[in-house]
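Comments concern the structure below.
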Amino acid sequence: MFNSPFLAEIGGMTRFAGRFFREGFRPRYEWRELLSQCYVLGYQSLTLVGVTGFIMGLVLTLRLRPTMVQFGAESWIPTMVGLTIIREMAPIITALMVAGKVGSSIGAELSSLRVTEQIDAMEVSGTNPFKYLVVTRMLATTLMVPILNLLATGLGLAAAYLGVNLKGGTSLALFTHNILARLTFGDLLSAVVKTVFFGFAIGLIGCYKGYYATNGTEGVGRAANSAVVMASMMVFILDLLAVQVSNLLGLN
Amino acid sequence: MQPAAAVAPLPATTSAPTAEVVLTVAHVSKSFGTNHVLQDFSLTLHRGENLVVLGRSGSGKSVLIKCIIGLLPIDAGTITVLGQDVATLGHAALDELRTKVGFLFQSNALYDSMTVRENLLFPLRRHWLAARRGQEEELVRQALADVGLPDTLDQMPAELSGGQRKRIALARTLILPPEIILYDEPTTGLDPITAREIDQLIRQVQQKYTTSALIISHDMNCVRLTATRVALLVEGRCYAEGTYEELRQRNDPTIHAFFE
Amino acid sequence: MAAPSASTNIRLGLFVALGLGCLIAALFLIGQKQNLFGSSLNVRADFRNVSGLLTGNNVRLSGITIGTVKSIDILNDSTVRVGMSLNREVQPFIRKNAVASVGTDGLVGNTIINLAAVPAPAPPIEPGDMLRTTTPLALDAMLGTFNVSNKNLVAITGDLRQVTHKLNGSNALWQLLNDQQLAADLRLSLRHAATATAGLQAAARDVQQLAHGLRQGQGPAGYLLTDKEFAGQMRHTTRQLANASDTLAATLASLKKQTETPNGPLHTLLADTALSRQLRQTIGNAERGTAGFSQSMEALQHNFLLRDYFRKQAKKQAQAAGH
């Protein structure tokens, strides 16, 4: 039990996160690399996340509609769909898509850098590869996932508006009002805060798996795969935690 | 251990009797679990000298130079590079020291996602000296010219041949003028002709930049062409030391096995 | 790892700006709803029961949301202090005597606080003021009352149905209402009654005079006092007379009551078919009674003992008329 690989991995990841906080906020700062990672991990995931968010918003609205009509609660569709998207669906969809796309790419990239000694090469070039590769990526996912989430939320709501208007009509003002009437700061902030943690977890797991990859090219595939699996699971665990914490804080 | 001790004074008298010591490895041990890769290993590198560490594959040669550059921690002993004990250095000091020590990886370790130019600029940007500002392009061209590949500036590493990549990797170590270059099996995986070219390049570079070099190899041609002194690494110890000719004429079967 | 170009920086900048713009817009919209960014006016009110009010619930004036609940604190076992943050723009419209009550937004909606104006002059509200409160009928209590009323209504409509059913099935009532003979009888008996009363009056006057003469020792009194048979006859007659007039009076009173208050005995009337028969019988009796009364009066006049007296009276009347 005490020498299980799972616990060892948890411990290793915790140390890794500790190293991130220890080294990440000391100069020198890799601004250029951070920006370029933000571009790659954030902007280039926008299409994927945006399309997914849009489709989920539309599908959710269309699926919900018959039931709501049955209950005579058609006017509640915007509220229900809106709150679902803002509070739960957009964060989860964004985090899962980013875990799939970015988690695997970080895992594969760092592990291939590791097995081809490029990480060592950076180190002997007098560059701290942890700062240059890991801190920038972890920061990039931590910063970009909330922004991706916000854009996915926006697109999801736009899709929901479209879905509501496909059958029956609701003005944009009423749609907005219906959602805003039930939306509190707590909803929005807990969604944003939780995506910050999602982003951090995705970056942490991807980097950890890639940074300590071994066994040559086989290790690259394994790192990418386990990064995705673990990051996705971590997203759900964090989501569960987020529900509990926001309940405790009275944000729900 | 005994043979090593016997031949130890020889290179000092033959090649550079009064030369300054730039690198000392003293009684270093390194183990991976139960695999004792280095056991009480010692060697000394003098300025302007090309020391080849000869050993069989898996004998811990690469581990040795990774320990020297601080990529791997050592279990016991001391490694002194340019007068500084590597094990005691902090991050900043270690980075500073590494600018003076070039490292040519066995796999070249070129950054695949960057062009040749960016690969060469990378260490320059890391150590951005005011004196070098505005001269980066000039330095890159100079380094590429030194390795004989001036036209590959905007190519990606993947587009280059193995020999070219080795040259670019060498250019990258040269761009921050090093005092010591550590070569990790520079000719492994290259065809014999290209290997000879690289060997010649190593000599040219050593003459032009007046560096000291520690070369890890098991390629006897490489040893013959580049070494001013050879150290034999057997079972984690410095088994023998001397010039190529001296060692070749030994009758010790362990040494002799390398020369056949 | 490639060095970022200007265009990628612009795209990244746009991406980040859009995302943060979404966040800021949403925060602002919610903030506007919760009056976080506008200047606010804080007032308080003590309630006995806030029915699940939460911080952030709306405060309404005439159905318009004008603020939110800021704080809910329990002061003691029967007082809950609710702090409200109101939009400053509505300050002139809320008076110090406004009354706050806890209500719900629709049947299953959020709990809200309603402010109601009181039609009495008062200065506008000021920050920190304490509003008066009322406890409106809670929904469950209302539903409880509603339940009782409903049961009553069921009983009433049941009765009503029974009544209409009987009404439809009752021939007596319709006969009663359609019976012209009855009306004619009634009119006739009333006329008889009028005649009888007139006769009764006259008879009473005669008796008075008779008694007067008796006290003075005049007329046939002495004779009368000696004749026992006549006295017995006379007593019998007067008793019958009194009986008849009593019956008549009772019948008339009951008739009058029945005609004047048609609602009162309706139910009995409808339920009891025997009554109409009785009614007709009574009227018949009254008729017969008055006729008998007239006859006895006539007989009295023709009695040989009193004949002289009546004749004298008639003469006196003629003389009086002659004057």
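Letters are used for the chains, namely A, B and C, taken in the order the chains are written, and counting of residues starts over at 1 for each.
Throughout what follows, a residue touches a chain if its C-beta (ideal position, glycine included) is under 8 Å from a C-beta of that chain, and two chains touch if they have at least 3 such contacts.
Just so we're clear, the structure is a prediction, and the values are computed from it rather than from any experiment.
S.K.: Specify the chain with the shortest distance from its C-alpha centroid to the centroid of every protein C-alpha atom present.
M.R.: Per-chain C-alpha centroids compared to the overall one single out A.
S.K.: What's the farthest chain from subunit B if centres are computed as the mean of the Cα atoms?
M.R.: Most distant chain from subunit B: C.
S.K.: Cα centroid separation between subunit B and subunit C, in whole Å?
M.R.: 114
S.K.: Using mean CA coordinates as chain centres, what's the gap between subunit A and subunit C in Å?
M.R.: The answer is 71 Å.
S.K.: Distance-wise, how many Å sit between the C-alpha centres of subunit A and subunit B, to the nearest whole number?
M.R.: That gives a centre separation of 44 Å.
S.K.: Taking each residue of subunit C in turn, which ones touch at least two of the other chains?
M.R.: 1-3
S.K.: By residue number and range, which residues of subunit B touch two or more other chains?
M.R.: 111
S.K.: Show the residues in subunit A shared as contacts by 2 or more other chains, in ascending order.
M.R.: Nothing qualifies.
S.K.: Could you please specify the touching residues of subunit A with respect to subunit C in the complex?
M.R.: The touching residues are 32-33, 35-36, 38-39, 42-43, 46, 146-148, 150-151, 153-154, 176, 180-181, 183-185, 188, 192.
S.K.: For a test of understanding, state which residues of subunit B touch subunit A in their complex under the given definition.
M.R.: 66, 69-71, 91, 95-96, 98-99, 101-103, 105-107, 109-112, 122-123, 126-127, 172, 176
S.K.: What residues on subunit A touch subunit B, complex-wise?
M.R.: On the subunit A side, the touching residues are 112, 116-118, 120-128.
S.K.: In their shared complex, at which residues does subunit C touch subunit A?
M.R.: Result: residues 1-4, 8-9, 11-12, 15-16, 18-20, 22-23, 26-27, 29-31, 33-34, 56 of subunit C touch subunit A.
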